[in-house]
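Heads up, the thing below is written out as C-alpha cells.
Labels A, B and C are assigned to the chains in the order they are written; within every chain, residues are numbered from 1.
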Amino acid sequence: MDSNLFPEGTKRCGLAKFMLWMAFPAAILLWGVYAAGQIFYHGIGVTGLDNYFGFGLWITFDLAVIALGAGAFFTGFLKYILKIDQLKNIINLAVVLGFLCYSGAMLILTMDIGQPIRAWFGYWHPNVHSMLTEVIFCITCYCTVLIIEFIPLIFEQKQLNKIPFLHHFAHHLHVNMALFAGIGTFLSTFHQGSLGGMYGVMFGRPYAFREGFFIWPWTFFLFVLSAVGSGPVFTVLVCTLMEKMTGKKLVEYKVKALMGKIAGTMLCVYMFFKIIDTWAWATGYLPSIGLTFEQMFYGNVYGQWLLWTELVLCGIVPAIMLITPSIRNNPTLLYSAAILDCIGVTINRYVFTVQTIAIPVMPFDNWEIYAPNWAEWATTLMICAYGALVLSLCYRYQPMFPQELKLNKK
Amino acid sequence: MGIDRRTFIQLVTGGVVGSLFTPVIWKSLDDASIWSQNWPWIPRLKYGTITEQASVAKFGAAPCAEIVKSVGGSPYLTRGNAENEMSKGGVDPVSASGPQLMYSLSRVNGPMKKTAEGKYESISWEEAEKVLSEKLAAVKGKKGKLAVVSGDTTGTATEVLSGFAAGMGAECYLMPSEEQGAAVALSSMGGKGQIGYDLENSDFVLFVGADAMDSWGSVVRNQCVYSESRPTGEEIKTTYIYAGPFQNSTAAAADRWVPVAPGTGAIFCLGLAYHMLKAGASSSASDFADFKTLVMSRFSPDKVEKATGVAGTEMAAIAKRIMKSSAPVVVAGSEFAQGAGAADVIAASAVNMLLGRINKEGGMKILPELPKAVEAAAGRSELAAKDFVGYLAGIASGKVAAPAVMMSYEANPIYALPQNTALAQAVEKSGFLVSFSTYMDETASEADLIMPNPTCYERFEDAQTPYGVGAAMLAASAPVAEPLYNSKPTVDVVLGVASVLGIDLGYESADEVYQAKAEKAGADWDSLIEGAAYVSDSTESGSIKFAASVLSKAVTMPKGGEIALAPYSKLIIGTPTVAIPPLNVVAISKFELMGKDLMVQVNSKTAKKLGVSEGSKVKLAGAGGECAVRIHINEGVMNDVIAAPLGFGHTAWDAYSSGKGENISKLLTVGTESGTGISVWTSSFVSIA
Amino acid sequence: MQQMEFDTKWTMVVDVDKCTGCGACMVSCQAENNIAPMKEGSNKLKTLTWMLVYELNNGKEFPNREVAYLPRPCMQCGHPACVPVCPVVATTKDEEGGIVSQIYPRCIGCRYCMAACPYHARYFGWLDPVWPGGMDKALSPSTSTRPRGVVEKCNFCHSRLLDARQRARAEGMDPNKLPDGWYQPACLESCPTGAISFGDAKNPEHKVHELIKNPNAFRILESIGMEPQVYYISRRDWVREQSDNVAPGSHAENHAAEGKH
C-alpha cells in the first residue's frame, strides 16, 4: 500500500502488520503524554521527586541517553574528520539515535525544570561559572546540529527527494556535513565533560566532588571517555535489535566489530583513569573531610555492589572483551560486552545523580531512599516509545542502511 | 527549481536574521517571562499600613502576651511581647499561628441551630438568643438541670459564666487542667488562694512530671524564665532537673533527666522527703509528726525504687543536691497537664515545706486571688476545685441525671475529655447542648445550638494569674481586627440572656466587665490594653500543713508489671481547645505522625519485650477504648512505658487536623483519688494487640 | 570561585542547649514568608520548611539517652555551594551583609542548587501554593508569593533588613552600621527561649561578635569549607561532635585532636 514510499529496492512488512507493531509504542507514548499532562497541569509534585532528590530518574535517564547517544558525535567524528570510511554504513543510524537521545533528553527537561517557559533564561541571564550553563548551551546547540544532520536523511526519502528544493537542500547540507560533524564533536565533548563537571564541582557533596586536578581535566574526560566508550556499542545494540526484529541484515558484522573495537579502546582508557580517580577519592579526598569509603554506601539500595558492578562487571570485563579480537568477533560475546558496557555507564550516571544526593553529609542527617513514581516512569518510557516510533518510521521509509540491499540479496 | 550554494546560504541566513529582526521572538520571550510571574491563581500580596498592637492570645493553653502585626487591618504575624510580665516575650507555636487561626477554614460564620434532620441552619443572633433564653427559662432555679463548662481558666468571661450559673441555680465547671489538682491540694493543706512558683528567682528547679516547656503552667513564661537563667554564651544560673517517664521538651532542656514511672510523681517527691527527713529536715507545720511517720514508714528507698524506678542512691543524691541549693523549688504536675489529682502537688509542697521554701523568693508561693468582677461568681480556687470529669462520670454511670441544658465555652469536651468514648457520650446525653465555640470543633458538631464567639483578636479579652506563675497578675487586650464573621462575644450573649431571665450580673457589656475587673484588681486599664501586665507582689499569709492524712490515703503504690501509658501534650499539635493550626502541620515530628498513622514511642528494650519494631502497626487497648498506632523506637522513654502524644485524631475541624492519627484520650482511665475524691487519670495502663 | 568579603556579616548564633524544639520559629517563618499551609506534612521530604528543627540524640540507649534540637535556617554560606552552580544567576551572594539571595522570577527550577547544598536548606515548590477559604488574607506583605516550580529558601527575613536600613536613613544614621537588635528575623522574635541570637559578626557592638568566639561555638560541616554565617553553641560534647564528620583515623580527626577548626 505504502510500498512506493519505501527506500529504493527494499522490502518491508505489510502496512497492517506495521501498524500493529506501532500500536505498542504508541500506547506507551499516550500513557506518557497523560503523565506529562498531569505534570504540566499540577506541577512536579505529582512525581516521586522531593527536596532531597531534586534529581532522580529523569536526570539519570537524560545523562544516560546523552552518554549512549554519544555514538552520533563520535562516529561522525571518526567518519567525517578521521575519514574511517567503513563507518558510513552505520553513521545514519548513529545520527538518528543521537537525535533521538538528545531530543528525548530535551523533552524530559521541559518537564523536569519547574519553569519551562523560562528555559531560555540560560541564554539571557547566563552564569558563566555554572557547569549547567555550559551544558544548556552545548546541549541546545548540539541538538540543533543533530537536527541539521537528521534533516537531509528525511529529505532523502524517495518521494520527498523528488522535490527539487528538498533535494538540493539536503544535498547542500550533506556537502557541509563535515563542518557539522566538527561542530558536533566540539560541542559534544564539551558538554559530556561539563555534565561530569556538574557533579564534580559540588563541593558540598563528597560522593561526587573532586578536588583540583581531579575535577579539571580528570572528571571532564572521564565523562567524555565513558560516553565514547559506550555510545558506539549502543548504536551496535540498537542496530542488532532492529536486525532481530526485521529479520534482515542491516550492517555488516565487520562494521559492528569495528565499533566495538573503538568503544573498547575508549573504555579501556576510561577504566584506567576511573580506577585511579576512585582510588584517589576513597583514600585521599574522603578522609580529608572526615569521611570513610564505607560511609558512602548504605544498605542494598545504595550498596557497594553498585560500585563494583559498575567498575568490574560492567567496566573492566566489557573493556577486555571488546579489545580482545577473538571475543569481539563472536557476535554473542560482542553483544554481551556491549550490554554490560551500556549498563555500566548507566549505573555511573545513576550513582552520580542519585547516590550523590542520598548520602547524608550532616552527621545527624539520615539516608533517604528515592523511588521514581509512575509519572516519572511513564514519561521516561514515553521517550523510549518516541524513539521506537521514529526509528520504525525511519527504517521503513528512509534509506538508513546503505548495505541493506547488498546484505539481503538472496 | 534548482538552488545553488549561494541561494542556500542566503535562504538560511536570511531566515534566521529576518526572524530575529521581527519583534515576534523578543515580544513573546518578554511576555513569557512576565506571565511566569503573574499566574492569576497565585494570590497577590495585600499592601497597606503595617500596624502593631499588643494582644493577649488565648489560642494556646495558657495566655500569651504578643504583638500582632497587621497589614491594612488584617493580622498576619505575631511576636512575643517582652514588656508583658505574663509571658515575658516569645510566643508558643499555637499563638504564633494566631492570624492563620483567625482566618481558619473551621471558623463558624454565625449562629446556627441543628434542624430535625441533624443539619445546621444559619439563624440570626436574635433568634439564637431567643432559643437559648427559652431553654434556660425552663430550667432556671432547677438544680442539676443546667451545667456550664468553660475551658478558659484565666478569663473574666468565666466569672461571668460562673455568676450566671449561680443565678440560674446551676453548676459551672472548668475543663480539666493542672489547676484543679493544685486547688484541691491547697485547700487540703489548709491554705487559700492559688499556688504559684517563683521560678525566676530560684537557683534549682526540679520539675516532677510537670512539662514546663510544653504543657505545664504558663509555658511561654516558663521558657522565658528558663532562658533568662542561662544567657547564651554565659554561665548557667539555675539548674533544671526533670523527673518523668519520657524525654519531653522539658527533659531535653533540663540539665538532667531522671526517668520516673508515669503517675508516680507523688511517690518520687515523698521519696525525696524521706532522705531530707533523714538528713534532719523539719517543719513547724501542725502535722509534721504524722507526715514524718508516714514518709519514714511507707516511702523508704526500696519501696520508692520499686514504684518509680529511681534507685535509692540516686534519690539520696538528688535530695542532697536540692538541700545544698540556696533557693530550690520543686514543682509537680501531670506529664500532660491534666488528671494528676492533688497528691502530686501536696507531696511536692511537702518537699518545699521541708526546704522552708513557702512564700520565699524563688520558692513556692501562695498567691491571692484577684478580686472578682462578678459578685455572684464562684472564687477562682473554688471553681477550679470542681470536678467536671467526676460529674460526667456520674452521668455516664447513670448515678447522676444528665442536664437538660449544657453550655460549653472555649472548650471542646467531646474531644478533650479523658476516657473519651464514655465521657463524650455523657456530654451528648445533655438535653440541649449549646456551644459558644469559635470553630466547628467536635463539640460544636454535636451541639443543638452554636453561638460563635469571635477569636481573641476580634474581641476584648483578659487573663488573670495563669496557673503556675510566681505572682498574681492581670493582662488584657482590645480587639486588633474587625470581626471577620457574624460572631458575638459570649460575655455579651450571656449578659443579654441573663437580663432577659432577670439575673443581674451588674454589667451590660463585655468591655465593662473587663474594665471593672482591672479596676478592682487595682490595674490601669489603658496600660493593660497597651500591652503591660499588672503584677501584684502580695502573697497569702497563713501557714499550710502537710495534709498527711490526705497523702496517706491518696498515694498508693502501683501494682507494677504492666505497660503504662505516658501521654504527653505538645503545643505544636494544638491544645485541648484548638486543633492543629494550619501552619503547624509541617512542624509536627515525623516520629509522631506518619501519613495518617499516629506514632507512639517505646524504647528498644520494651519493644523487644512487646515483640514490636520500628513502624509496627499495633492496637493499644486501655480501659476506655482502643487506638491503632505505629511504633517508633525512642530511647528517651522508660522501660515498660509507651509514650503517646495527645492532640491527634480529630474528627471535626478541617483538613489540617481531621482524620490524622488517633485521640489518645480514649485510652485514659479515670479513677478517683482517695482522700480527696477527685477524678484522676495519670495512671493508665494499656495492652497491645 | 572568588569569595566576596563584606563589611557587615549578618550572623545567626543558635544556642542548641536552650532550644526546646517547640517549633514556634518554624510557624513564624511560614507566616512571615508566605509559605502556604500544607494538609499533609508528615513526608518531610516534600514540605517547605525554610526553618527546620532537627532532632539530635546522643545515640545511647535508655537511660543514657540525651536529646537536642537544632534549628536549621539557610546557612548563608560565605562560600556557598548553591550560588556558583545556578545557571541563570537566580541566587547570588553579592549584597552587603552576605545574605544569599534567591530571585524567584529568575529561577527556572532546575534544582541544581538543591543538589549542591548539603544542609538541605533549599526547597522547591512542588505544587502550587494554596491558601484556601480566605486564608490568603493573612498573607504577609514582607515576602512575595512564589508560583510552583521555583526554588526558595530562608533569606534571614531580608525585607526586615531593608526596613531597618530605611529606619536608619530616616533617623540620619548609616544604614550599613545598624545598631544591635534593629534587624531581627521572625524566628528570633517568636522563639520563647531566646535560643537565637542575631547580628553583625563584624560589628564589635553586636552581641554575636563575641558569641561566635565562644569556645563552645561551632558551625556545621566546617571541614567542607562553606563558611556558614550560622553558628551554634552547645556545652554538650556529643552535640558539638555531630557538627562535622570525623572518621576514625582521618585527617579531620587528627585536626580536631589538635584543637583547631
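We take it that contacts are C-beta pairs under 8 Å (C-beta built on N, C-alpha and C of every residue); 3 or more make two chains touch, one makes a residue touch a chain.
Note that the structure is predicted; figures quoted are calculated from it, not measured.
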Chain centres computed over CA atoms; the one at greatest distance from subunit C is chain A
Please list the single chain whose C-alpha centre lies closest to the global protein C-alpha centre. C
Please tell me the distance, in whole Å, between the geometric centres of subunit A and subunit B computed from their C-alpha atoms. 60
Where subunit B and subunit C are represented by their mean Cα positions, the distance between them in whole Å: 30
Subunit A-subunit C separation of Cα centroids, rounded to whole Å: 39
Residues of subunit A touching 2+ other chains? 115, 118, 121, 124
Listed in rising order, subunit B residues that touch 2 or more other chains are 33, 36
Can you list every residue of subunit C that touches 2 or more other chains, as numbers and ranges? 43, 47, 128, 147
Taking the touch rule as given, give the residues of subunit C at its contact with subunit A in the complex, in rising order. 1, 43, 45-47, 54, 56, 70, 81, 84-90, 106-112, 114-120, 122-128, 147-151, 220-221, 223-226, 241-253
Residues on subunit B engaged by subunit A in the complex (per definition of touch): 1-5, 8, 29, 32-33, 35-36
Can you tell me which positions in subunit A touch subunit C when the two form their complex? 42-46, 49-55, 112-115, 118-119, 121-122, 124-127, 129-133, 135-136, 198, 201-206, 286-292, 295, 356-357, 361-365, 368
Subunit B to subunit C touching residues, read off their complex: 33, 36-37, 39, 41-48, 50, 71, 74-80, 87, 89-93, 96-97, 99-100, 102-105, 213-214, 219-220, 223-224, 226-228, 230, 232-233, 247, 249-253, 257, 259, 570-572, 581-591, 593-595, 603-605, 634-639, 655-656
Would you pull the subunit A residues touching subunit B in the complex into a rising list? 115, 117-118, 120-121, 124, 164-165, 168-169, 172, 175
